[in-house]
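Should a chain be cited, it is by its letter among A, B and C, assigned in written order, with residues numbered from 1 in that chain.
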Amino acid sequence: MVFKREGRKNDEPRKIIAKVGIIPRADGSAYFKIGNTEAYAAVYGPRTLFPRFKQDPTKGILRCNYNMMPFSGMGNRVRPGANRRAKEISMVTEKALLPVLDLVDYPNSVVDVFIELPQTDAGSRCAGICAASMALADAGLVMKDLVCSVGVGHIDNTLLVDLDYDEEAFDGVVADIPLAVIPRTGEYTLLQMDGIIGKEDLFKVMELGKKTIGMIYEAQKNALKEKYMIEPVIAKKTAQGGIKNE
Amino acid sequence: MNDDLRSHMLKTLEKGLRYDGRKLDEFRPVSVETGVIKTAEGSARIKIGETEVLVGIKTEVGTPYPDSPDEGTIMVGVELLPLSNPAFEMGPPSINSIELARVVDRGLRESHAIDFKKLCIKKGEQIWILCIDICPINDAGNLFDAAALGAIAALQTAKFPEFDGVTINYKKLTDVSLPVSKVPVEVTVWKIGNYLIVDPSPEEQELADGRLTVATMEDGKLCAMQKGGVIPLTIEGIENMVEIAVEKTKELRSYLGGN
Amino acid sequence: MSELLVKSKEIAVPGEELAIGMDFLPSYGTYRDGDKIIANKLGLVHIEGKVVKLISLSGRYVPKRGDTIIGDVTDLLMSGWRIETNSAYSAVLGMKDATSEYIARGADLSQYFAIGDWVVAKITNVTSQKLIDITMRGPGLRKLNGGRIIYINTNKVPRIIGKAGSMVSMIKDATGCKIIIGQNGVVWVQGEPEMEIHAVETIKKIERDSHVSGLTDKIKIYLETITGKKLEAQTQKYPQK
């Protein structure tokens, strides 16, 4: 069977929804949805790190935890608790976010990022990283940029952005490459690959993902601004004698 | 715990008021949304004030217990996600999450809300197992009532997936609903000093002396209870608590569809 | 040619370009990358002449020397108390900074402050490793009896205090409550139950609407509506604290 993508262009991601501040108890929080893959992220901290021997007296440490909710898989129930896959994803998520984060002002402390997936349709680590990056910004931490993440890949000879579950499972030569990018510099902070791809195609498909990275950045930026924006309409309506600068 | 803070809260309760301006037996705004998780066979999002809980149902096919060869079963799990509360920790389920899961389980099981016999596929060989998983997103108090309400809301709206006798096709849900025949709803009444409240804030929960969770069916019969906290309760105290719980259950029940 | 890419009072997100050219100077919340000034956190843009800076809108409390904070006693130490500061770090209150009384070595420290007690204290020192010393010796510094504690976004504290304390004085006037606002986002309120509820609601409202213009007037009207009490005009009535 020859692969042909239905319903969207090869360089087009699924529908993206980004929200900030959805978990009031957290110091920072966000929600990122791409297609049917949904991620929540909550940031707690900086807070004191226990056990004490794990503390770093020169800076705060970042601790990420990626977890799929039991009902979030396409197939069987996902057994709760840490498994090797979740541990690895937690670790690469940490590494994807650390390059933009500056925790020197918080010696001996920890910033905890909890990523939860209520439903997934491939690309869950990327959605988690997108949510986590917004949550860290929402938590007021010092970071030189956001981090945007999406999967790219190919099926047979078709180069694709943001593969869904059915595409990843297509009976053909498939490669799936989750990426995370610092949008301002274009540097990569996450790069993994599953499958087989030619060297030339790899660079072509990474190039193909750039437009989506830009779209994700815009969605993240707008979500962050929306939470803190002073609604101009409300300001006009309620201010007596027009808007004053205080 | 600070006794000063507690006695100060009692002064407000004495006036029939709560710190957020509510009456003692007043819930925060409740919302129930179902069918929110595409990967689950049934799901619900419950909001009570700022508390938000997700419940998802996954079905599995398994073998029955030898002592009930023609009955399927349910499994209730609660994960107190550290995402939802700064005090929750990662790792194996804490005793609090186990208690919460067991109280929800008991309400469903003892009310015979689900006809286990109808979960039997082939006697002695194949049965449906309903896995009900409860995940708080934001814990702003009263996880007990939110979890139980979410469980029944998700069960009421869940559909069986296609099953050909060997494998389950989770991508294709049938239009067959789960055999849910009763609708147990739980309300927890909390005791602070001599005052009884429902739907506590985290602060009230922390200062409370005890609680009683009561699961009630449509006909007003009780189907499960759980006392919590270290203070002993008098018979009169229990009577009052049960009365409030049964009364408030009616309100919570009105948020469920098909009732 | 230098150029500003944002205006004052706009929201900037990490990585956002705020200005191009060497004529502008990066300040708090920003960094220079080549000829550009970039935001390195989420904040409200504030431009003062050539200086580009951000005002924080979120984030936990960062302890600073001179801040008055509210915290609770979490432990008794060899020669003092450990106080929780609603930040990543706890503070130490030493015996000699606790009261004007002389406390003998080996005395029962819980007689002065017990675990769970709430205190108003002032930060006297913060080291590079974030060891924090606080004192209870000074005007207004004391143990808190009764009342209730609420937590607010520490970045909104100046707004809730208001210019020269005008906002908080207005709430106190309208509700008759005693209110102490810690720089660490911990607020203590004590008064009649109904009035306390009004005071807390008002504080939460200011926290929510902190960037609305003409907020003081709106809060005045709000307070008058909920308490049914006419408040005097906001002129020089509330002197600097």
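Definition applied: contacts are C-beta pairs under 8 Å (C-beta built on N, C-alpha and C of every residue); 3 or more make two chains touch, one makes a residue touch a chain.
Computed from a predicted model, the values in this text were never measured in an experiment.
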**Message:** How are the chains arranged in terms of who touches whom: line, ring, star, complete or other?
**Reply:** complete
**Prompt:** Most remote chain relative to chain B, going by C-alpha centroids?
**Reply:** C
**Asked** For which chain is the distance between its Cα centroid and the global protein Cα centroid smallest?
**Response** A
**Item:** Rounded Å distance, chain B centre to chain C centre (Cα mean)
**Value:** 39
**Request:** Indicate the whole-number Å distance between the mean C-alpha point of chain A and the mean C-alpha point of chain B.
**Result:** 31
**Prompt:** Can you list the residues of chain A that touch 2 or more other chains?
**Reply:** 47
**Request:** Please name which positions on chain A make contact with chain C in the complex.
**Result:** 27-28, 45-48, 57, 60, 100, 102, 105-109, 137-146, 182-184, 220-221, 224-225, 228-230, 234-235, 238-240, 243-246
**Message:** List the residues on chain B that touch chain C in their complex, please.
**Reply:** 1-5, 7-9, 11-12, 14-15, 17, 19-21
**Parts of chain C lying in touch with chain A, wherever the complex brings them together** = 9, 11, 13-17, 31, 38, 40-42, 44, 56-60, 62, 88-90, 128-130, 155, 211-215, 217-218
**Message:** Which stretch or stretches of chain A touch chain B in the complex?
**Reply:** 22-26, 36, 40-42, 44, 47, 65, 67, 69-77, 80-82, 112, 114-116, 118-121
**Item:** chain A contact footprint on chain B (complex, rising order)
**Value:** 36-40, 43, 50, 52, 54, 56-58, 60, 77, 79, 81-86, 90, 92-93, 131, 133, 135, 137-140, 170-171
